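Just so it is clear, A, B, C, D and E label the chains in written order, and each chain counts residues from 1 on its own.
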Amino acid sequence: MANVSTSAISARHGAQRPRLRPTVDYATLVGVFGAFAVIGLAMVLGGSPESFVDLPAILIVIFGTALVTVVSFSLAEVARAGSIVWKTAVYHCEEPTIAAQQMLYLADVARRRGRLALQDTVREFRHNRFLHDAINMVIDGIPTEQLEQILTSETASMRHRHLRTAGVLRRAGEVAPAMGLIGTLVGLVQMLGNLDDPTTIGPSMAVALLTTFYGAVLANMVFTPLATKLERNSENETSVHRVYTLGAASISRQENPRRLEMLLNTGLPPGDRVSYFK
Amino acid sequence: MANVSTSAISARHGAQRPRLRPTVDYATLVGVFGAFAVIGLAMVLGGSPESFVDLPAILIVIFGTALVTVVSFSLAEVARAGSIVWKTAVYHCEEPTIAAQQMLYLADVARRRGRLALQDTVREFRHNRFLHDAINMVIDGIPTEQLEQILTSETASMRHRHLRTAGVLRRAGEVAPAMGLIGTLVGLVQMLGNLDDPTTIGPSMAVALLTTFYGAVLANMVFTPLATKLERNSENETSVHRVYTLGAASISRQENPRRLEMLLNTGLPPGDRVSYFK
Amino acid sequence: MANVSTSAISARHGAQRPRLRPTVDYATLVGVFGAFAVIGLAMVLGGSPESFVDLPAILIVIFGTALVTVVSFSLAEVARAGSIVWKTAVYHCEEPTIAAQQMLYLADVARRRGRLALQDTVREFRHNRFLHDAINMVIDGIPTEQLEQILTSETASMRHRHLRTAGVLRRAGEVAPAMGLIGTLVGLVQMLGNLDDPTTIGPSMAVALLTTFYGAVLANMVFTPLATKLERNSENETSVHRVYTLGAASISRQENPRRLEMLLNTGLPPGDRVSYFK
Amino acid sequence: MANVSTSAISARHGAQRPRLRPTVDYATLVGVFGAFAVIGLAMVLGGSPESFVDLPAILIVIFGTALVTVVSFSLAEVARAGSIVWKTAVYHCEEPTIAAQQMLYLADVARRRGRLALQDTVREFRHNRFLHDAINMVIDGIPTEQLEQILTSETASMRHRHLRTAGVLRRAGEVAPAMGLIGTLVGLVQMLGNLDDPTTIGPSMAVALLTTFYGAVLANMVFTPLATKLERNSENETSVHRVYTLGAASISRQENPRRLEMLLNTGLPPGDRVSYFK
Amino acid sequence: MANVSTSAISARHGAQRPRLRPTVDYATLVGVFGAFAVIGLAMVLGGSPESFVDLPAILIVIFGTALVTVVSFSLAEVARAGSIVWKTAVYHCEEPTIAAQQMLYLADVARRRGRLALQDTVREFRHNRFLHDAINMVIDGIPTEQLEQILTSETASMRHRHLRTAGVLRRAGEVAPAMGLIGTLVGLVQMLGNLDDPTTIGPSMAVALLTTFYGAVLANMVFTPLATKLERNSENETSVHRVYTLGAASISRQENPRRLEMLLNTGLPPGDRVSYFK
């Protein structure tokens, strides 16, 4: 059985092996930048886009929101939030079906050519740290229970980091409008104390409203949507990790890959089920 | 027993066989369009309905809401939402009682003339994919446990799709007023920066308020009511699917239809119970 | 034992038999109409009560609220809500203690003169459909388990109808202020577009505010309080039905009425316990 | 053992027997009246405190709130709320530790001089109805299970009354600002309809705002804080009743008081534990 | 084994013993003071920072909030809140990993040199009352079950105090904006009653807005962030106490420290696991 060549395995499914590469989540980028473009267009059409830029207002809302958010968490957590948002909400992988095909391919290779044959394919997954580690542990012959425990605990830890970051974003989404209101109150009190020259009332009021505007934009067009996307993608990534964990444990136990296919399919929605073995 | 003709069975209940056709949910259409008509009438009575149309305001609210909603989900999900709303909130079927009568009719046919006799009637249900698939599986003699598992998993998957779509609508119902507020703030800042000509203040302010108006209308008269209706109809459709699943399993097990009647009645509210067999 | 006359039984408790007649819930009527009277008085004292009547505003709020509420439910449910509100929130019975005395009286009659003797008293309860049906089932000798199941399922079904109706009222209480806001925005946009004649600003603005006023009154003085009252009275009515169900089952099982007294008392609050048998 | 005198028992703890008298909860009184004093001072400093008194506004908010609150409950419940607020939120007892010492003292007396000796001390507790009843039941020799059941059910019933009343207060705290808004809308519509004399605009607007002011004061400075305090004190009173119930049951079972001490301490926070027996 | 010197044990890990000293939580201080600095800067840049200081407004918001918050709690609790905020939200320790290393060090010492050898090290922990008490109980030979029960109950009691204080802060965060609104309404009514001199309208309105401003600042920049931080740090401190409790129980049971290491690691996130024994 071990003398079946890899190309024979590949041949079953044409030349392609299933790949699961993290891809840019265009919905996130298109949504956020598109919404900013729409608001920007409205400003330009209205005639004076420069009247929407006010440095003190920007400082109050952006720094104020950052500082108040930091109070509720720690500096480390807020700093880490940026990279997690990038990796999960923007540049992510979310296909349990492709992950299932991948594991079935690996299980098939291990079944036909022995566990050590996975060493040839493990390099392909070097960009997918979780799968890479899982396969390496299988190759190293770590006991199945320990392998399952390590992978499950890694997944739980990733999930916890994601939810913590989503919490930072949600909190920032609450703080931003509050800082906007505080900035507007500062502006209104200043304006009302100097009503001598009526021609300045309008512009002063416009500036006062800018912090409310910035706060509303930050909260509704950045923080809250990113928090929701992060939670959703994190759920998908957890499903992908579960597929990897089930698959690695199955290969480690040297089960029949057809049994793995059945097992993986019970966890997938009907339309996304895989049928690797005809 | 197998030589009892279908007409004899039909004769029991007069010439009619129970039908469960998806029908237009008039409450949804009448409600949404009626509410728009009421608001439209108020605009016309007020004299200048054209003052409620402002292209930039429409762009900000509609495109802004769509783009920000897309961030929280994926492009595919938002695109799919439209067709699900149409199929479930507008054009739907919601009668567990009729579904129960249908299954009892089919069970009666299968009991008297054998399972294969269902082939004659299965064509009638070609518009009802779920029932059609269920009966075909019964005719094909798929084992009962597998049949139950497939149908239950299909129902769970439909339910999940519906709730996901209701989530898209609820999210859009939160985003729309926020985009309305942002648009109004843009308009107010522009207006306040140019107070030179007092005669333009009123119309500028009116235009600024339009985004808030559009946001309130979209959220309160479209997104939120449709989300609620979708959740409610989805619950009804789940009940109908449960009746089909119980019925198909009972026919597959060749149980006495009277036992199926008892079983179905325990799940129906007292006023809606069926008594197919006198 | 069967020759003990009914009058002897009555004599124990004086001439009165316990009655549980639905009565008008004055708190509901006094509260709603009193609150309207207070607001009306404030209008009259302010000088021009006619300025609070504006037909388009009334149409927007009342029809708009009705139509949008209908979207979330079905026409049938909204239509049924009216009669349920009347029967439960206004004209209702809420005394588990009296119900307990009633059941003990009936159990005593059945114990002394036999189950069929209940036929003489069942007529008294013809206005109380649930109790009437329960006693008739006891007289007809329906098996106790079936009797309990039917009565419990009837109660659950009534509870479900009440909560559904309370949901309609709660939803209407959310929709009404939203329609009020939409109406006010329509009025404001119309007013701001026509600032030529300054003397019309005030009255136009007053009219614009009327929809907000109607929405606030409907939601806070009608829909929300009635929903809360409905939920509260429904809970009481469920307790009364539970007492009837326990009692009917006990009579059907021909238990000693003293045992029923103990059983009923465990479900009643300490101050409301009955002691029918000295 | 029975010949050990009471004074010998008292001597153990010096001359003092533990007392648990209801005391005025100064936090409640100081908080509510202090907050009113602060607002009153602000009014006086502002120059014209009489401008804050407007009879129609007071009528709308106070009567309106009372009437709408009554709709959600019954007249009896709202009437009873007053006395419960007084007894629980203002004039209350909240010391589980003192209650524990009290029960240990009584258990010690009963242990040394017999259960009937409690008759000498029961008079001391005549102001504490629950404890008084509990001790009397012990003296009367009511079986322990029945005693526990009666006392537990009394406590549950008290808890239910308190939570019901807290619900009345919370509801009033929601209704008051709503009535304030309705009153302000009435005032605004009246003012806007009569803009002929510009000098009356300010005062009319001031009067219109008064209902919002009264509503905010009632809700935020009276109803909501009292509801929170009521819930908190009710929780404490439940703990005290639990201590009494455990103690009475222990005396009734003639257990060793040291065992009661251990039992009571497991339910008390570490810092509040009692050590009656050295 | 007992003759292995402490320095030999220390030598394993270089010269350092793990320390867990409470440290200032800079995120809290930087966040709160930074946010105030940003707002202060905006005031100074706006020209007249003195216009933001109004004694009556400060009195209304600060005293009003304090008094109304006191109603919901007791004087003692509100007074205690200050010191708990300082100890937990500002000056705290939050490292379960260091705590785990500490316990492993102590377990190693106890294993090699006997339980009494802990007396030499217990002095080092005199600033860490919980750990100090735990080790002393181990040295005193208190039975393990009792030790666990005492430490668990201490932790629960600390947790309860923290959550109670977080509740005081959350409540204050709700009350402050309400008192701000009430103060602004007082100011508006006073201003509207005296519109004779138009030049005073602006400044009066500015002063009226100050209470809303103070309320928003207090709630959003002080109370709510501190409440969130308190809850988060309290959770961390609970984890640290759990580590101490597990460790003390393990030492008391004279278990192998390697078993303790495994036990502690199951409760730590993967990245924070300790490997004391190579």
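Quick note on the criterion: contacts are C-beta pairs under 8 Å (C-beta built on N, C-alpha and C of every residue); 3 or more make two chains touch, one makes a residue touch a chain.
Given the structure is predicted, the values throughout are model-derived calculations rather than measurements.
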item: Shared interface partners, meaning chains that touch chain A and chain E; value: none
item: Equivalent interface positions on chain B and chain C, same or different at half; value: different
item: Between chain D and chain C, distance of the C-alpha-averaged centres to the nearest whole Å; value: 31
item: Inter-centroid spacing, chain E versus chain B (mean Cα positions, whole Å); value: 50
item: Multi-partner residues of chain C (each touching 2 or more other chains); value: none
item: Graph class of chain-chain contacts, one of line, ring, star, complete, other; value: ring
item: Residues on chain B engaged by chain A in the complex (per definition of touch); value: 56, 59-60, 63-64, 67-75, 150, 153-154, 157, 160, 171, 175, 178-179, 181-183, 185-195
item: Residues of chain D defined as touching chain E within the complex; value: 25-28, 30-32, 34-35, 38-39, 41-43, 45-48, 51-52, 199, 201-203, 205-206, 209-210, 212-213, 216-217, 219-221, 225-226, 228-229, 232, 269-271
